[in-house]
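So that you can tell them apart, the chains are marked A, B, C and D in the order they are listed, and the count of residues begins at 1 in each.
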Amino acid sequence: MIRISLLGAGRIGVIHALNAKANLNVDLRYIADPREEAARDLAEKVGAKVVDVNAAINADDVDAVIIATSTNTHAELSHAALNAGKAVFCEKPIDLDINSASGVAEHVQQSGLPYFVAFNRRFDPSFAALQRGLSDLGKLEQLVITSRDPSPPPVEYIKVSGGLFRDMTIHDFDMALWLLNEPLRDVHAIGSCQVDPAIGQAGDIDTATITLTTVSGAQCVILNSRRAAYGYDQRVEAFGARGMLQAHNIKPTQLHRFGAEGENSDRLEDFFLQRYAAAYQAEMAAFVQALVTQSPMPVSVQDGVNALKLANAAYASLEQGKPVGF
Amino acid sequence: MIRISLLGAGRIGVIHALNAKANLNVDLRYIADPREEAARDLAEKVGAKVVDVNAAINADDVDAVIIATSTNTHAELSHAALNAGKAVFCEKPIDLDINSASGVAEHVQQSGLPYFVAFNRRFDPSFAALQRGLSDLGKLEQLVITSRDPSPPPVEYIKVSGGLFRDMTIHDFDMALWLLNEPLRDVHAIGSCQVDPAIGQAGDIDTATITLTTVSGAQCVILNSRRAAYGYDQRVEAFGARGMLQAHNIKPTQLHRFGAEGENSDRLEDFFLQRYAAAYQAEMAAFVQALVTQSPMPVSVQDGVNALKLANAAYASLEQGKPVGF
Amino acid sequence: MIRISLLGAGRIGVIHALNAKANLNVDLRYIADPREEAARDLAEKVGAKVVDVNAAINADDVDAVIIATSTNTHAELSHAALNAGKAVFCEKPIDLDINSASGVAEHVQQSGLPYFVAFNRRFDPSFAALQRGLSDLGKLEQLVITSRDPSPPPVEYIKVSGGLFRDMTIHDFDMALWLLNEPLRDVHAIGSCQVDPAIGQAGDIDTATITLTTVSGAQCVILNSRRAAYGYDQRVEAFGARGMLQAHNIKPTQLHRFGAEGENSDRLEDFFLQRYAAAYQAEMAAFVQALVTQSPMPVSVQDGVNALKLANAAYASLEQGKPVGF
Amino acid sequence: MIRISLLGAGRIGVIHALNAKANLNVDLRYIADPREEAARDLAEKVGAKVVDVNAAINADDVDAVIIATSTNTHAELSHAALNAGKAVFCEKPIDLDINSASGVAEHVQQSGLPYFVAFNRRFDPSFAALQRGLSDLGKLEQLVITSRDPSPPPVEYIKVSGGLFRDMTIHDFDMALWLLNEPLRDVHAIGSCQVDPAIGQAGDIDTATITLTTVSGAQCVILNSRRAAYGYDQRVEAFGARGMLQAHNIKPTQLHRFGAEGENSDRLEDFFLQRYAAAYQAEMAAFVQALVTQSPMPVSVQDGVNALKLANAAYASLEQGKPVGF
């Protein structure tokens, strides 16, 4: 039985709490959140106790800490949890600053403690099946990752988000590194403001096309947009010597309507909470399973650092208007 | 080179003329149609000569006759062509009357001449692939044939059509007999007027569900309607010990539109001319190929008689309100 | 907060317990099962208390009883729960005997207590969307329900199952009655043993085609088999004046593999636990919601009786070899 | 009636001859090919006369010339046909050399004669529907063109092909320019040899990812490979403010096989002759229609020049390892 404290009772904290609760190997003991009411509501729901953040981290009867707070606190809380000798499940990203993220990675290495970066997409059943299928595909030659949010977040959020590449594409960078599974040679990022000029005024872009090349010559394209009128568009396509693998989108129902206007089916799932419900469950299970069996974490702190490095390289390319080495 | 006369320059005659013309083993020599202008237009298009029906049938320099005239002339023209020693390609049905159709079958047998009943659906690439796939499916256990016209013909046509089962279902009866490939035990037909009361007043039905059982216990359902707002609906589904085969519909394009209202794609193909274009080509090729190689006709006169018998049995069942033996 | 006792800690009891537990309006208090270990395991998992069946039914601090025991106990436990003044959630069927089932229905009516028959398929997101979509389809003209289990149960189970129509088709009968939403005129059942002769020796069939007609002339076909090598096949197709609605199957992943052999995607979901996971959740939510809001149950005891009556009529038709009135 | 000479009786010449023959507004009079037997065979099939190339071009009774010879003769024959005052239908590319192609464009402009570059893909029913659909999509933000040949041509062909970008991508460049419909800002090409080292030894690449940006900030990706084990992969995906358009691939049949291994359907169409059969028909019809109605050609000589310029820019980018302006 893994005993866990949860830091953060917001939208994603609720998801992790429910999945932890449903896991028969987890005893979710403590929840901490400065917004006391949120903490209390969630604690009641899952039978946990509300405590302050220090108590949650340092409790003697706790083995692991889930960090689901706002991004700017991830590094500090990671250090605190590691200092307390706890295993860590940290929402992505570790930090928006590469030095800070690397500092956490060093701390993890010194401590020898398990640290899991919650790149949930790796645990999506279709993407996971695609990854397993790569071994039958022959040499991976091209990879296309399509990732479009249904609509942009408020500009206030954009301003503190770290920018498109560190906030949104970071997931796709992790997917690319995971699937390509070989060192990159260079990165080329193209970006523009196609969705909302206010995003541009905030110094960010909302539409991007990023190409990665590997040392063996494989080519990867990431397509990003902050807008998709038809729902949350999340696909992967891999091309190899023996064929192609496609992981398609998911829709709420399998209903098809045929009328004079043709065939119609649902919009895609609204957004990440619906689309990745199974992935969130599976990542919690994977984290707990690794602790129970004392196996290496399926996503390491270094994976979190690498995705952030790639985001930084993409920004360098965008600014210079040309590919940069990686 | 097979030398051919075409009787009938209407909608279906034009199709057969163009497919005959495109076939490198065919010399389409003569066209006959009482509507002289239609005959002349078509003849010009395909480089044939307009003659009267007797000349077309009895020409010395002709090996085969295509009968694409109105149904009530099929039997008489079949006899004439057989008397002239010609091979025959006859549009379905041979006749609406079973005695007359059987008379043609007898004549064919006595003459030893090749006779092809144009059940075009057997030559649809998807249905043909399904039929070939049956050998890998294990014992055929259930079969579902969905066949819905986009909209009902004029009531005037309904009145002389021979009724739904002899006019429209006859195709599905042939498909069922072809795919089930074993003797039937009984037939049960349910029918009603759901589309247009005028069809009922003309003594016919417009919506039907027919179940067939075979001696081995296999079960077949035919679903018919004179209406499908979404286009011409033509599907087959076969279930066997090792799985299921589905032959899906065809759409004019492969365009998929994703918007706030979900995913939309085309209506089905409008009607038989579009949907079965490839089938019409292939049936002509099959007829000519059988003549060239002196092989048995892939659809025999007996197939035409059997489908009509089944239509008659379905009417008996409909009248008696219970299954009838076959 | 609805306080609940669960009777039965088998496969389906576990599902209901987990869904009840996850429902924020439910307090799952007691679990009873003669197999004590099963009861204890489940109780521990969901934080309930193990008691004997009488205590579970008659506990003062309980509002509703979930009956998830073997079929032959449903009626007796229903009466006991009604006598104790509890609302009832009863797994289908109420009983294999129509008199016994009708007796429960009478008891429910006299008591005025809420009684829910767990026809889970009505709560499948795709089937529910299809049902809602019927209002835009115009007059419902034809309906096709395809329902095939992946593989037959042991013959020992077959012998006590009540037969295909009462055990398996009962779900489809409920779906048909729910979707057709008008009185039936007659029922015609065709059945045979295509899958396993041992099923026939046990006096049952394993493959069936049932046609229903309504008073307005609408036609419904139910296709059943105890075998589907490709997974659990559960589909509905509705035809109306304005088009067609299709509820398709569900697959474990959205991965498509393209290779020299063509395009391949997953088998269908294995069986009901996977396929109807969302439906089981939704039916529990619907039951609880009806209790909380004191609304009529979305599936009534009469629905359970009607489906059983239809199963009996289907058996009568099968024996007589012709349609029977309903 | 448009009277036509065809130059070249090879694979693509045969296609154009058959489509011209089937067009009721065309009189295909002359065929020229140095390989006399090929010319004779084709001429016999379509009822044309074999002549030498000069006679074919200069015949008084000819309005238009179809150039379907090897690429290195296109420019010279174009000049000759223009000098003879004929309209021209020229297979792509006009020439591998931009100066030569531009020379043809100048000649066309001076002559005022109709000149059609046969970019067949614009006439594919699905791509054409996608292009028409762009007007409802809002601002076009991203565009993805996937174009993969089933297998590489012989290395001997590669050597004289002009290279991947001028031989294969040229089609995609035309599609991109047509669909983006605004000036480009820059081009970035990534390429490698993933399929066959012999192609690299011949100085070419076999796998490429090309990104284009427009002056408004729209982004386009072209994915190319000389290999697709699953058939000829030809797709377009367009993203705009109001949604997404996808033009999917085409398969030989609509048969779906469901078994223990899941669902299987056909490979994609083999190659361009099958996949673009409808497009070849439609482009011939469009060419003839423009002549008959004296309208501007739907694909102009300038379109041919532009695609070649873009291919050259892609080579410049590939060599310099960075984006180049366009």
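The definition used in the following text is that a contact is a pair of C-beta atoms (placed from the backbone, for glycine too) under 8 Å apart; a residue touches a chain by one contact, two chains touch by 3 or more.
The structure presented is a predicted model; accordingly, all values stated were derived computationally and were not measured.
**Q** Once you count every C-beta pair in contact for both, which comes out on top, B-C or A-C?
**A** B-C
**Q** Taking each chain's centre as the mean of its CA atoms, which one is most distant from chain C?
**A** Result for max centroid distance from chain C is chain D.
**Q** In whole angstrom, how far does the Cα centroid of chain C sit from the Cα centroid of chain D?
**A** Taking the average C-alpha coordinate of chain C and of chain D, the gap between them is 57 Å.
**Q** Using the average of all C-alpha atoms in each chain as its centre, how far is it in Å between chain A and chain C?
**A** 39
**Q** Taking each residue of chain B in turn, which ones touch at least two of the other chains?
**A** Chain B, residues with two or more chain partners: 229-230, 242-244, 258-260.
**Q** Inside the complex, what are the residues of chain D that reach chain B?
**A** Going through chain D, the ones touching chain B are 22, 24, 45, 47, 125-126, 129-130, 133, 242-250, 252-260.
**Q** In the complex of these two chains, what residues of chain B are touching chain C?
**A** 139, 141-142, 144, 148, 188, 190, 192-195, 207-209, 211, 213, 217-219, 221, 223, 225, 227-230, 233, 239, 241-244, 321-323
**Q** Using the touch definition up top, name the residues of chain C that touch chain D in the complex.
**A** 229-231, 251, 258-268
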